[in-house]
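Per-chain residue numbering starts at 1, and chain names A, B, C and D are given in the order in which the chains are listed.
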């Protein structure tokens, strides 16, 4: 069960990372990156690293994403193909 | 509490780093005071480093186990003959900071001075920490302190072009940092330890594994990027030419050397753990030789004097990497002495060039014709620096290049020996061209004719450094004698 | 050029696979990674440091110098961001027809990139105090449960950003008094340097903590000082990073 | 779990790292490049955390009712530190990107290359 959960989580992580690559709307890309970070934090919680999970949830998913969004707001929202 | 010199080693990086946090507080009252404060801190750091070097010569290496936890259970800093590099580091900063006082007035808005000085101190502290620590994760963190402050220093003078140069530097630099982190993680996963010598001993005791080789290779690649070895030099010319001159001096003379210090650490790791990196060091030598010639060749075509100096750095990094790769006593000693000599010469040249740019507002050779007559002292310093970087006998650059060349021929690598000679020829050409325009051509710009010598806070450091280029050249044997025991240890570990 | 990039990725993937294939499978308790330094920390850490959370023990006691450099790194990031000129002010009006920059916070100019729905605003206001308490608890209980100075800083920083998004940056800025900022942002490096020196005087080793039972309270006080330095310093730096980037 | 002779976790790490690397080298948009860098960093962190875990072990917090196996605390401390370093570099890079956009009006490398 635990192994299945792990494998599923890893698959989800990889597919989310790929959607970040494919998103041309930068806001969407950043939000998906935040999602990716949050899933990473679930994985780490599951791997016996609650300290790291807290920090990743607050910094990786929270602060980093907001800083990215601020930059998108001040630059451009669309990635040119 | 009993005072011990080895505990004082811990203060060497901590002093500038903690002082950096105080700079914005000092600057709140008076931006100019921040400059004075920074100068005092660099001076104190330099004094401490010199005192430690004297103890080192008298009593042997000083080691501090931070928090009292003996390695591998804690972090260890070593002030040995390689760590003594922190003494010249701090001294150069103590010369660059007063130069910056007046230089900033024209080029950096006043409200950013505090940040500039804080970044300088952070850079110094990071560089010192990097050269002292033998803990791999600590090495990574010290490198990040240096990197972040360097990225910001490139962009500190404003302009979007500077930001773009800084971002190119940042992207490549971050990949290199990430490679270091990955290599450290891999080595940790293999051995369960982070202390460099403990890791090496445990690798030596276990089965040889491709993972360990991969870790060492990615460390080497990462440091080669930081050292800007050809063809991974692309970030360097823009960043070093666009930054304000005191920053260019620090970046070109001192910061690229973390790549070299890092490569020495990789050699230590490889030597002590018995992992052979033969193919890799062959590649390094080849790239070093190519860098010598290409760097010097490209420098010939530069009209911008700072860009020319930046390409010359690429060429000189080639000398050092080639010397390390040859792995024979002459060449390695020459390379390590050249780390110091090139730092001295490049700081001299960039500060002298900065003075010229600051006084005339011009930066291309075409515009600067005849500047030798209006700024005689600064241009004399520039001439001395140019002689030294060509490697003319009584100056600082001679002995180190001579030893690297000797090493190449004694190792039977005649082709590399000739690469050195060719490189020297190109270098000679572009500095002769520079001196020719400075002294023997008629001034075409009014700014050049009207220029006056810079204020003493700028002229003093330049003249002192130029004098040092000559003095170090005359007593170059002392440096060689100082570094030889360290080279012996390094090569003994590598079994050659 | 494009093929070069793709080739790089392929080569990197192949090399990484080769290296990683050689590692022992993860999770085995007798792998070298678990039997050396980490094992000693787990075995003696509680007795040597007085902390039950060994991650905090490693961060503060065994590898305190790493954490010092860590707070220096985030301090340098703040100094670096402050050192760069504001993008918006760099070209006030030189006739370019780009739309005015969007903003994330409530009273930002013109267009808003993400509008904050009243429900979200309400939830942030409702949960704010609880998040603050959680951050405090993670600081105060950091040595016995997950958490510690840095996590607390991160939570406080995130909370600050949430408040700024909902209530506007002016009101959030009141949380970090302007006059105190230069002092607060320096707290991380300074508390380390200070406590490190105190440790040097008491134990003879820089960043050392007195280990004997008699000095228990003293050690506790030193640890709290460093933790508070990291938490307050880190949170103020994160908040300022946000404000600097926000414009 | 082992797949193609490689531990599945490490395999996932390699894939994530390469997805990030792909984004870094192939995307022209600076923000995308930076996102790629962050994905790579997270992948390395995941590798560290995984290397530090023990099957069926508790988090390295020795309170009553835990044990006897605990995860290795050192990688956790390293990753915590690494997360801070990553956000610091990201913040500096974003500030630079804002400045680049203010000066050149674009954040696409392909377009920046042609500009002075």
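Assume contacts are C-beta pairs under 8 Å (C-beta built on N, C-alpha and C of every residue); 3 or more make two chains touch, one makes a residue touch a chain.
Treat the numbers as computed from the prediction; the structure is a model and nothing was measured.
*Asks:* By that same contact rule, can you tell me which chains touch subunit A and subunit B alike?
*Replies:* Both subunit A and subunit B are touched by C, D, going by the contact rule given at the top.
*Asks:* Taking each chain's centre as the mean of its CA atoms, how far is subunit A from subunit D in angstrom?
*Replies:* Once rounded, the distance between the two centres reads 10 Å.
*Asks:* Roughly how far is subunit A from subunit C, going centre to centre by Cα mean, in whole Å?
*Replies:* Spacing between the chain centres: roughly 18 Å.
*Asks:* Would you mind pulling out the distance in Å between where the CA atoms of subunit B average out and where those of subunit C do?
*Replies:* Taking the mean C-alpha position of each chain, the two centres sit 30 Å apart.
*Asks:* Which parts of subunit D, given as residue numbers and ranges, touch two or more other chains?
*Replies:* Those would be 9, 22, 50-54, 57, 59-61, 70, 72, 74-76, 80-81, 84-85, 87-89, 91-92, 94, 96-99, 101-103.
*Asks:* Can you pull out the residues of subunit A that are in contact with at least two other chains?
*Replies:* Those would be 50-51, 55, 59, 63, 67, 70-72, 74.
*Asks:* Can you list the residues of subunit C that touch 2 or more other chains?
*Replies:* Where subunit C meets two or more other chains at a single residue, that happens at 16, 20, 23, 33-34, 37-38, 41, 53, 55, 63, 66, 70, 73, 76-77, 80-81, 84-85, 87-88, 90, 146, 150-151, 241, 245.
*Asks:* Which pairs of chains touch one another in this structure?
*Replies:* The list of touching pairs comes to A-C, A-D, B-C, B-D, C-D.
*Asks:* Quick one: which bits of subunit D touch subunit B in the complex? Just the residue numbers, please.
*Replies:* Contact set of subunit D toward subunit B: 24, 30, 33, 37, 40-41, 44, 47-48, 51, 72, 74-75, 78, 81-82, 85, 88-89, 92-93, 96-97, 99-100, 102-104, 112, 116.
*Asks:* Subunit A touches which residues of subunit D in the complex?
*Replies:* Touch list, subunit D to subunit A: 1, 8-9, 12, 15-16, 19-20, 22-23, 27-29, 31-32, 34-36, 38-39, 42, 45-46, 49-50, 52-54, 57-61, 70-71, 75-76, 79-80, 83-84, 86-87, 90-91, 94, 97-98, 101, 106-108, 110-111.
*Asks:* Which positions of subunit D touch subunit C when the two form their complex?
*Replies:* Answer in residue numbers: 2, 5-7, 9-11, 13-14, 17-18, 21-22, 25-26, 50-55, 57, 59-63, 69-70, 72-74, 76-77, 80-81, 84-85, 87-89, 91-92, 94-96, 98-99, 101-103, 105.
*Asks:* What part of subunit A is in contact with subunit D in the complex they form?
*Replies:* On the subunit A side, the touching residues are 3, 6-7, 10, 13-14, 17-18, 20-21, 26, 29-30, 33, 36-37, 40, 43-44, 47-52, 55-56, 59-60, 63-64, 67-68, 70-72, 74-76, 79-80.
*Asks:* Which stretch or stretches of subunit C touch subunit D in the complex?
*Replies:* For subunit C paired with subunit D, touching residues are 2, 5-6, 8-9, 12-13, 16-17, 20-21, 23, 25-29, 33-34, 37-38, 41-42, 45-46, 52-55, 57-59, 63, 66-67, 70, 73-74, 76-78, 80-81, 84-85, 87-88, 90-91, 96, 98, 144-146, 150-151, 234, 241, 244-245.
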